[in-house]
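Here the chain labels run A, B, C and D in written order, and each chain numbers its own residues starting at 1.
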Amino acid sequence: MSNLLTLIVVLPLAGFLLNGLAGNRLGKAFVSAVGCGLPALSFAAAVAAFRTLEATGEPIVDVVFRWALIGDSAFEVSFYLDRLSAVMTLIVTGVGSLIHVYSTGYMKDDASYARYFAYLNLFLFFMLSLVLGRSLLVLFVGWEGVGLASYLLIGFWFEDPAKAQAGKKAFITNRVGDAGFLLGMFLIYTAVGTLEMDRVNAAFMGPELPAVSASLVGILLFIGATGKSAQIPLHVWLPDAMAGPTPVSALIHAATMVTAGIYLVARLSGVYLHAPEASEVVAVIGILTAFFAATIAVVQTDIKKVLAYSTISQLGFMFLALGVGAYGVAVFHLYTHAFFKACLFLGAGSVIHALGGEQDIRRMGGLAKRIPVTFITFAVATAAIAGLPPLAGFFSKDEILWFAFASEAGGAPWLWALASLTALLTAFYMFRLLWLTFFGQPRMDAETAHHIHESPWSMTGILVVLAFLSTVGGFVSIPHFLEPMLPLPATDEHLHHFEVPLIVVAVLIGLAGLAAAAWLYGGDASRAARLGARFTGLHRLLSGKYYVDELYEAVLGRPLWWISDRIFLRLGDRALIDGTLHGLAGVARLGAAALARIQTGNLHLYVWLALIGIFALLWWSFGHV
Amino acid sequence: MIGQALLWFFAAGALAGGVAMLVLRHPMHVALSLIGTMLSLAGIYAALGVHVVAVFQVLIYVGAVMVFMVYAIMLLDVRDTSFTSRYSGLLIPGVAGLALFIGALVYVLRREGPVGDIAPGATAFRVERFSVDFLHEYWLHFELTSVLLLAAVVAAIAILKAKRRGDG
Amino acid sequence: MSEPAMLNLVLFLPVLGMVMLLLVPRDAHGTVRGLALAVMLLQLALTVVLYQAFDPQVAGLQFETRLPWIADWGVYYHIGLDGLNVLLVLLTAFLGPLVVAGAFSAIDKDVKLFYAMVFLIQFAMLGTFVAQDLFLFYVFWETMLIPMFLIIGIWGGERRIYATLKFVLYTAFGSILMLAAVIYLVLSLQATSGITSFAFTDLYGSRLPLDIQVLLLGAFALSFAIKVPVVPFHTWLPDAHVEAPTAGSVILAGVLLKMGTYGFIKLGFPLFPDAARALTPAVMVLAVVSIVYGACLALVQDDIKKIIAYSSISHLGYVMLGLASFELIGIQGAIIQMVSHGLTAGGLFLMVGMIYERCHTRDLAAYGGLARILPVYSVFFMILTLAAIGLPTTSGFTGEFLVLLGAFDAAWPQYANGAATWPLVLACTAVLGVVLGALYMLRLAQKFLFGESRAPHAPLTDLNLREKLILVAIVAAVFVLGLFPDSFMQKTELAAREYQQQVLVEPESRWVRAAPDGGSP
Amino acid sequence: MDNGQLLVALGAVLFALGFAGLVLRRNVLVMLMCMELMLNGVTLCLVVFAQQAASTAATVLVFLVFVVAAAEIAIAVPIVLLLARHKHTLDLGAYTDLKG
């Protein structure tokens, strides 16, 4: 089938239109069928397309229509499936379909059920455009579109102003990144003359480099990626985005949308390969984000916020991999992360569901026996993210650490050291979360405790599937699969004897984190409390998330408002411009008042003045005729 | 020669009437001197041989306009401040203006020299030629004139109605 | 019917409509409204036929009519469609029925006069677009002022007198200068080539010294800049919008503001190409200042109409930027952005009108959570908001993207070869304006649609069928222009290219009309 | 002094006298009549020039001036009547409603 790619993209759109226009009238069963069925069909189509790709080995191109033709510049809407986008498409449609099914249970009693599924399908549509778009333009359409879907879903319960506010914050922060993206895109267009990414890559890989600094392009596009993938300095929106329904956090803010930045960089690897400075920036920003987010996650008390910072941290890992040239590895981690982070979020959703909406881990505890399926899957996913073998996270994280250490395209020991420290923190805060949630004494009130129940099979079933994937996913070597198009960077021969010791260190780190969490939070968690009391300053700094939000508000938000209100509106518009106008009007009025004195109403005077006027004219005409 | 004398005679009459209008106190007297001036002018026209204009001058001005005027004066025979002090506050500026006017006139007449002699009794304004031309070439103007008159009639009526509304 | 005749019919249909309105009894409001809508729909249908018949492969004018008007002065009744005006004519005809239908419930004072004024302004706007003779153009240009003056002055809000005076004085001031420049231009053409002509094509050929060109362009540009409006000539706009009735705001934002930008592209820059090139920095700076300044001001307003009014300033800044880039992509983007702004701002003003009819206030603080109370309304409002932000798949994106790409494309080479850095700085600043756009529009949507549900005069009824149809039409147009702009841009491409040539190509090789029988050089 | 000069001068003097009357006299009706005098002065000049040019057009113009004068007076007199009713005086000094 020639239009398979179009079909993949359009199916969720159909779901959006159906559910959005008629969903409320058609009942929940219909909404669920459309909402889950079409993404599933899309997944099936993706599998079919993948098989075709496997069979032929040639990328599939699907030209849909011409968006614009201006002079010699053609902008086409076309879809492009190669190994990279195939992996992404399978993740997006696969995990996406699972989360749709999960949502039928989670959102069962929500009044806006149809609206929810419409938004979710809309998200899938844009995400697939992003992943499958051949041109940067189509990618950008998807890029902005997923931002929109994210905005709508974060603010899904819009009656709470804080939630609506969080959606807005996400959108605006992303817009800042998008400005960079746009500039990068313009620069590419100016230099290469096309926005089609395979051609852009080819142009940069070709014998004649385009007359533009690849690093500049790379950095500009990376600014876009920091917005979407919540990297420093644009990471502030993701924790707030947890205001949305939990399946949304799992799908959009963990598994798929936030990885768009990684996809973008991997997609344009041709540019980044020739941009060592940009790659360095990517690596440094990645590792810094990973580290700082992990430190914040250590003290968070909201179950979803912990996971949110964990997501930021893991995305930082992926950028680290991209920065050292290991594109395939980054995608590998993206792939495993999609499974275990989705599993964690959905597990958290199940916990929240069980506790009737409670999200504070200080009021949880002892849930292991009450909701066993959730507990087991959550534990598996936690182990996976902590990097314990043989779970999925172990493989991908280990490869990242290795390339951070040994890659000749920017690897360095200090990157490895910081990454390992971050991995330790990761293991620690994840097991802390596990302990506080599932072990120890129950800390919720009796009423809540009484109502604790395991979630319906539509939710637990998905958890099991995802936990299974988190377990075995690591055995599919994505880097190897991608190698034909995203070759791994060369590593320093002299360092190869470090490979095995490093793996051992990584495993030990994971176990150390586990042990530390168990020791600190085991029993009544009094050790942790004492530790917190000793380092109050640090604790406050971490709990305050390094006060980045406050900083932005003080440096950007308030000055912008002040300038707009005081300088532009009051001084510029009202005082200067309107003031000048009203001043002129006043002068005119005064002049009129002065002239009005001649208007005595005395007709004789008027006539006499006319007489004088006639003489003046006569006088003038005598002079001139 | 007689024509020339008549011309001078009527010119003197018109001038006298005009001056009298400035000094006479009673509006009726002013009106009578204006009629005198108009009749003198009619005489001048007749002497020049433009009988059509002369006839119109008498018919329209004296016959219609001034009669209307006289009626108005009789209707409004108010002995108010305009009667007791006939001149406005601008007496001296007004006289000065008049003097300037005359001065300018003299200046121009001396500067420009003769206008060109016009023999009394020239035949340019023959009645039948005028009539034929008027209704052949200037029929549109003729019609427009009637429109103007109609408008004047409507306006006069409107004013009178306005008076009634204002009073009531 | 032949196409030129049809174009004349489209132009004079509003006049016909006015005459027909005269025959309807004063109190038969239903008949008046129905008649007005029918005429507008007929006009739209005819315009669509014309648009379909417009051949994108033909450069220059199509469906031309040229009749002597004041022959002694070389004034002709000369109209025609070309690539620059064809989309704007379509936009005007498209908004006509929506304006009329939108005012069905809002206007119940002097209904007949109101629709007569709408027709008159429709006539004047179409005339301004299709005129190919400077004299005719000026006549239409000035005619627009009168109905707008009355629409704001009679059916406006509390401070309507202030607003309408400000509007008229501003605009009239600009027009006077333009008139002086027009007269000078025609006289100088007469002096140099011996032709007395007001035809655009003749005037394009006149070559004046640079300093004169700068002065004349200044006069034209001031008039156009006030209409656009470009900062700092903009303060009439918020007042006019706030006080105008909905229909007035829609006409104002939808079409009237485009007169300014259309003036630049059709007259200002091509008539004085040397001056245009010399003044490009100033124009671009003003454009970018408008983008940022308008956005910042929109951010701190509490009156919904004012927010949209200031956003118009920002959006038209993009149009100016595209026009002044003299890059084909930028010019095309500017044309699309004009149409797009007409749709989104027009639609938003219509929607504000709809809520105003229900709640009688435009104060943002009075509202909240409308998404719960008025779900259908909110969906439409959200879509138009997103289109105003320039989200991809909407018309706003097409315009903004192409304008920015064009500006950047023009600026980068200058930076790369070391000629000038400022164009690049301006282009980058304009790109940052995209962030501000999201900021103020989302602030509006946020306070208006989300949060706790409250609104004056609750309970409210959601949109009725008439209102839904109006909005569906606009939203459909927004998406068509966002998803499939190609066919529209094909129609404008040749004209955009010609405009670019007129301004950029050095005068030596520019076409100059030969002076007839040895007139003085 | 030839005839033409005489008559043109006469017309000008009549015009000047009328104008002076307009400035000097208080009575509204008298002022109206002064205006008629001015008109007569102008007409006289017109006739003289027409006579010189021997043109019928000028005669037609004279005729039109007459008609205008008649129309003028037909409206002016009712206005004066109204004014007099309203103010109970013909003194122009009392009519200062248009004072700015």
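Note that in this section a contact is a pair of C-beta atoms (placed from the backbone, for glycine too) under 8 Å apart; a residue touches a chain by one contact, two chains touch by 3 or more.
Computed from a prediction, not measured in an experiment: that's the story for all the values here.
Chemist: Report the chain ID whose CA centroid sits closest to the centroid of the full protein CA set.
Modeler: Chain C is the most central one.
Chemist: Please report how many Å separate the Cα centroid of subunit B from that of subunit D, as a whole number.
Modeler: Using C-alpha averages as centres, the distance is 6 Å.
Chemist: Roughly how many whole angstrom separate the Cα centroids of subunit B and subunit C?
Modeler: 60
Chemist: From the mean C-alpha coordinate of subunit A to that of subunit D, what's the distance rounded to whole Å?
Modeler: Each chain's C-alpha centroid was found; their separation is 90 Å.
Chemist: If you average the CA atoms of subunit C and of subunit D, how far apart do the two points sit, in angstrom?
Modeler: Comparing mean C-alpha positions, subunit D is 55 Å from subunit C.
Chemist: Pull out every residue in subunit B that's touching 2 or more other chains.
Modeler: 88-90, 93-94, 97, 101
Chemist: Could you list the positions in subunit D whose residues touch two or more of the other chains?
Modeler: Subunit D, residues with two or more chain partners: 19, 23-24, 92-93.
Chemist: Would you pick out the residues of subunit C that each touch at least 2 other chains?
Modeler: In subunit C, nothing touches at least two other chains.
Chemist: Under the stated touch criterion, can you name all the chain pairs that qualify?
Modeler: A-B, A-C, A-D, B-D
Chemist: Provide the residue numbers of subunit A that touch subunit D in the complex, in ascending order.
Modeler: Of all residues in subunit A, those touching subunit D are 595-604, 607-608, 611.
Chemist: Per the contact definition, I'd like the list of subunit C residues that touch subunit A in the complex.
Modeler: It is residues 166, 232, 234-235, 293, 296-297, 299-300, 328-329, 332, 369, 371-372, 386, 391-393, 397-398, 401-402, 404-405, 408-409, 412-413, 416, 427-428, 431-432, 434-435, 438-439, 442-443, 446, 449-453, 483-486, 489-490, 493, 497 of subunit C that touch subunit A.
Chemist: In the complex, go through subunit B and note every residue touching subunit A.
Modeler: 88-90, 93-94, 97, 100-101, 104, 107
Chemist: Please give the residue numbers of subunit A that touch subunit C in the complex, ascending.
Modeler: Residue positions touching the partner: 65-71, 73, 137, 140-141, 144-145, 148, 155, 158-161, 164-165, 168, 171-172, 175-176, 178-179, 182-183, 186-187, 189-190, 211-212, 560-561, 563-565, 568-569, 572-573, 576-578, 581.
Chemist: Enumerate the contact residues on subunit B facing subunit D in the complex.
Modeler: 4, 7-8, 11, 14-15, 18-19, 21-22, 27, 30-31, 34, 37-38, 41, 44-45, 48, 50, 52-53, 56-57, 60-61, 64-65, 68-69, 72-73, 75-76, 78, 80-83, 85-91, 93-95, 97-98, 101-102, 105, 109, 114-120, 122, 124-125, 129-130, 133-134, 137-138, 141, 145, 148-149, 151-153, 155-156, 159-160, 162-163, 166-167
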